[in-house]
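Consider the two complexes below, in which subunit A is the common component and subunit B and subunit C are the respective partners.
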Partner chain A sequence: MEEMNILDQKFDVAVVGAGPAGLAAAYYLAKKGFKTVVLERGREIGSKSIYGGRIYAAPLKEIYPNFNSMPVHRWVKKERISIMPDYESMISIDYQGKDAISFTAYLTEVVKWMGIQAETAGATIITDVPVTNFYRENNKVAGVVSGEDVLRSDVVVDAEGVNRLVLEASGIVKPLKPELVALGVKEVLKGDSKQIEDAFGLSQDEGLAWVFLGAATANVPGGAFLYTNRDSVSLGVVVLLDKAIVNLKDHISQLVESLRTAPALKNYLKNLRISEYSAHLIPEDVWSLRPERLVYDGLLITGDAAGLLLNAGYTYRGVDFAAYSGYLAGKAIESAHAQGDYGAGALSSYEKMLKDSIVIKELNRFRKVHEIMKNNLLFEKYPKIMSGVMKRMFENSDGPSKAWDAINESCKENQYSMLKLLINGYKIVRAL
Partner chain B sequence: MGLDIILLFKYVPNTTTVNVDPNTGTLIREGVPSVVNPHDLVAAEFALKLKEKYGGKIMAMIMAPPSATKGIEYLVGMGIDEGILLTDRVYGGADTLATSYVLSQAIKKVVSHYDLIVAGQETLDSSTAHIGAQVSSWLGIPYVYYVTEAEIQDGHMIVTRQLETYIEKYKVKLPALISVLMHSLQPRDVTLKNKIKAVKEKPIKVYTNNELQLNPLCTGLKGSPTIVAKTEFIGKIPRKMQIMQGKPPEEMVSWLISKLKEEKVI
Partner chain C sequence: MSSPERKLRLTDIINVNIWDVDSKPHIIVNYEKCKNCPTKACVRLCPTGCYTETENGILFSYEGCVECGTCRVVCPMEAITWTYPKSGKGIFYRFS
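Up next, the complex of A and B:
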């Protein structure tokens, strides 16, 4: 074993990772007077944080009393789901709401804002430093190791994200398997705010969240999304990694490219220029991904690292859950401190609070989605059947077919039983 | 003994991640994070190796807007002892002459003693390689560039300079200024211990023109005789990627050679 260099400084709490989970934990703890340090391996706060484009506000409002200074771009008042049988056509459902519960933003800006809140509350943020393992004393986590340096702390919050190098090094979780994660790729397409509002029929500050199924992912299980930011659009594709490895013929970046240039979308994206490209892993089978426990002696696991990400099949929700789990970890540490004990028992209020929170409640609600998502029919056969139905109804020069006949004929054409379609359709609706 | 070393550096947009606006030919800086000029990281590594061998102290110095304190923190994270930031509105818009003037005057006014000044070969964003030569001229000290090694012998420094086909060795009197050959060393990573020191102790001194009292006509835009008349975007070199695979190595090699000959590369 390498020689360890135990540093003189000691903190009450060391947080691994300056993303939404880690910064929310650090903010809460620093505010309560805990000497808190956040260690980030990226060059800047949030430099490893990537997401689709939308954040649900309620959990963040609870964490941050000054939520109104959050760098929000647009409040999502329009939702659209489109099924694309091919790149030329789509079947869409639109919803226009009155009250917006989620907003679009650049995650880099949001995380930077969260960093400022944590630092203002008194937390120390150290970038450019990778944590390589936990430091243990008497089998309890009692700090972090980075190279040869050991920084001691009473308790550690693991908020390292989906790529759990520290949890792996410490033997708490096994390395990620392709079937447990999805791969997301995203482009930011820039214009000006008026262009965005005109193209998508939005008023000022109003946003659109749009998801695509079918051809948008080259029929690989997954989904595609478009979010309108202030003066740009986030356009991305998410595919299950194990399915993508087998089924994708082109480089994954080609999927976004094809979507961006799809005839069905081109009028929306005219005159926007690509300003950013990014890719990230997303917890997919969150139930298998979750570590056996989220609390160990001296350690709490939060955010993506804990698999606390909602996969609704066609869309994902992670940033606010990550932040909320960090916040609850902070609360658990506060109460453990009051008991004078950072053992797993004293910290277990974290798991209890999570269970009663929106995070686990929502995760449970969408529990069956992963199984359905694995079903290729949903992404290949069904869009084709639906498209056949629509064609018969709207592109029949002898006049429209009756809907029932159209479904029946389209099923026959695609060699699929209508009864099966109805049963599966019912199952899907139940699960989603 | 021990060497007192000054490390000159620049904080530059991370141009490996930057696009050029094809219409104006200028860098798109919007949202581009800044980094310590990579060639200066090589110089920092060079200075740290000297310090490990001879002892002493390394001070990083930069003339830049206040955001460059992040750059000093990074260097302290690597093991540099402290930093000096020279910042003032009247230093803004400087060319290399005005920059080297401020750096050299600050060295005269606020640095009590130094044996060696170390700089990178050039910067990532402007590639002039002027600063080392100009600072040494202002200070009237010897200057050697493309340096790969340095050692102390009998109160002098023996400096190895690497050129394309041969190496030269110079015996220089101290203090001297050397600029380090780019890519000649792998800069070390930041360590937790040093980065905590950088952030918690902030060993950074800031000087404005209130303290330095330099003639504003010699600094910033006013002190800069250089005028950039035009920049032109050359465009990207088109790549002709071809892939050959799954054949016996002999066949693939002769295929590669014939292709390279076709392209007149060999």
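Up next, the complex of A and C:
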């Protein structure tokens, strides 16, 4: 082992990572008077942060009394799900609601805001420092290591994100496997706010969340998304990594480019220019990815690192779940402190609170979605059958077919049993 | 970079990003192991195309890395030693 340089200063709590989970934990703890430090590997808070593009508000409103100053771009008032049999055509379902429960924003801006909240509450945030391991005393986690430097703390919150280098180094988890994660690749396309509002039929502050299935992922299980920001569009593709290894023929960036240049989307994306290109791994099989425990002696694991991300089929919930888990970790530390003990037993109220919270409840409710998502038929056969149905109904020069006949004929053409289609359709609806 | 009608080359796309490239690579590839790789999945799945296939085998350059971790996960040969760049180096996101 190399020579360690143990720093004099000691904190009550050290947080690994200034993302949504770590900053929510730091905010809560600092507010309660804990001497809290957040260690972030990026040059600035947010410089390494990337996600799809929308955040559900309720958990954040519960954490932050001053939520109204959150850098929201647009409240999602319109939802659209489109099945693309090819890049020329799509079958869409539109929903327009009265009350928006989610908003679009740049995560870089959101975590900067969360950083300000934490610092205002009294937390210390140190950037440019990648944590490489935990520091242990008597087999308990008692701080963090960065290179040769050791920063001691009574307890550590791991909020390092999906690439769990620290948890791996400490032997708590094994390296990720392709079947556990999906890969998201995204372009941010800039214009001005009026351009976005005109193209998507939005009024000021109104946003659209749009999901694409089928050709948008070259029929690899996954999906594509489009979110409208204030003066830009986030356009991206998500593919299950194990399926992409086998089934994806082109380079992954081609999927986003094919979608951006798709004839079916050309009227929406006119005159927008690419201003950022980003990528991130997304917890997918969150039950296998979750560490055996989320609390150890002196340690709590939160956010993506804990696999606390929901894939609901038509949307992901990562940022708000991560923040909420950080918030609950803060509460658990508060109660452990009152007992004068940071052992796994005293910290285990974190796991209990999570179980009773929206996070684990929603993860359990959507558990079947993951099984369905792994089904290649959903992404290859079904879009083709649906497109066949639509063509028969809308492009039949002899006049429209009856819907039932159209489904029947399209199933025959695609060599698929209509009964199976109905049964699987029922299963999918049940799971959602 | 404004025409939505034609696809752009990956090198032109990633040029819009901001990096502070470290002088030393944060990812080390053992090319010997790459020689027997059955999938070469990194070539198609590294989002910024850091891995290319040449006559002499896989070639890796770390400069365009966005630190997503994909290469490490898809590599069946355990040929990749993967860490984050040192002290604030690497990709600098602004709008994501």
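One rule holds in what follows: the second predicted complex is superposed on the first by the 431 of 432 C-alpha atoms of A that agree within 3 Å, B and C clash if a C-alpha of one lies under 4 Å from a C-alpha of the other, contacts with A are read in each partner's own complex, and residues count from 1 in each chain.
What we mean here is this: a contact is a pair of C-beta atoms (placed from the backbone, for glycine too) under 8 Å apart; a residue touches a chain by one contact, two chains touch by 3 or more.
Note that the structure is predicted; figures quoted are calculated from it, not measured.
Q: Looking at the overlay, does A:D149 come into contact with subunit B only (first), subunit C only (second), both, or neither?
A: Only subunit B; A:D149 stays clear of subunit C.
Q: Is A:S232 in contact with subunit B, with subunit C, with both, or with neither (first, second, both, neither)?
A: Second partner only, subunit C.
Q: Could you tell me if A:K270 is touching subunit B, subunit C, both of them or neither one (first, second, both, neither)?
A: Second partner only.
Q: Of the partners subunit B and subunit C, which touch A:I126 in the superposed model: first, second, both, neither?
A: First partner only.
Q: Go through the superposed model and pick first if A:L7 touches only subunit B, second if only subunit C, both, or neither.
A: It touches subunit B, and subunit C stays clear.
Q: Touch check for A:R43: first (subunit B), second (subunit C), both, or neither?
A: After superposition on chain A, A:R43 lies in contact with both partners, subunit B and subunit C.
Q: In the overlay, work out which of subunit B or subunit C sits against more residues of subunit A.
A: Partner touching more subunit A residues in the overlay: C.
Q: Does subunit B (first) or subunit C (second) touch A:H251, or do both, or does neither?
A: Second partner only.
Q: Give me the intersection of subunit A's contacts with subunit B and its contacts with subunit C, in residue numbers.
A: 43-44, 47, 108, 127-129
Q: Note which residues of subunit C are touching subunit A in the complex, please.
A: Going through subunit C, the ones touching subunit A are 1-2, 4-8, 10, 13-14, 16-17, 20, 39, 41, 43-49, 66-70, 72-74, 83-96.
Q: For subunit A, which residues are in contact with subunit B within the complex?
A: 5, 7, 9, 37, 39, 43-44, 47, 108, 124-129, 146-149, 151
Q: Show which residues of subunit B lie in contact with subunit A when the two form their complex.
A: Against subunit A, subunit B makes touches at 31, 33, 35, 74, 77, 189-193, 195-196, 199-200.
Q: Using the touch rule from the top, collect the residues of subunit A that touch subunit C in their complex.
A: By the definition above, subunit A touches subunit C via 41-44, 46-51, 106-108, 127-130, 162-163, 165, 175-178, 181, 183, 185-188, 190, 229, 232, 234, 241, 244-245, 248-254, 257-258, 260-261, 266, 269-281.
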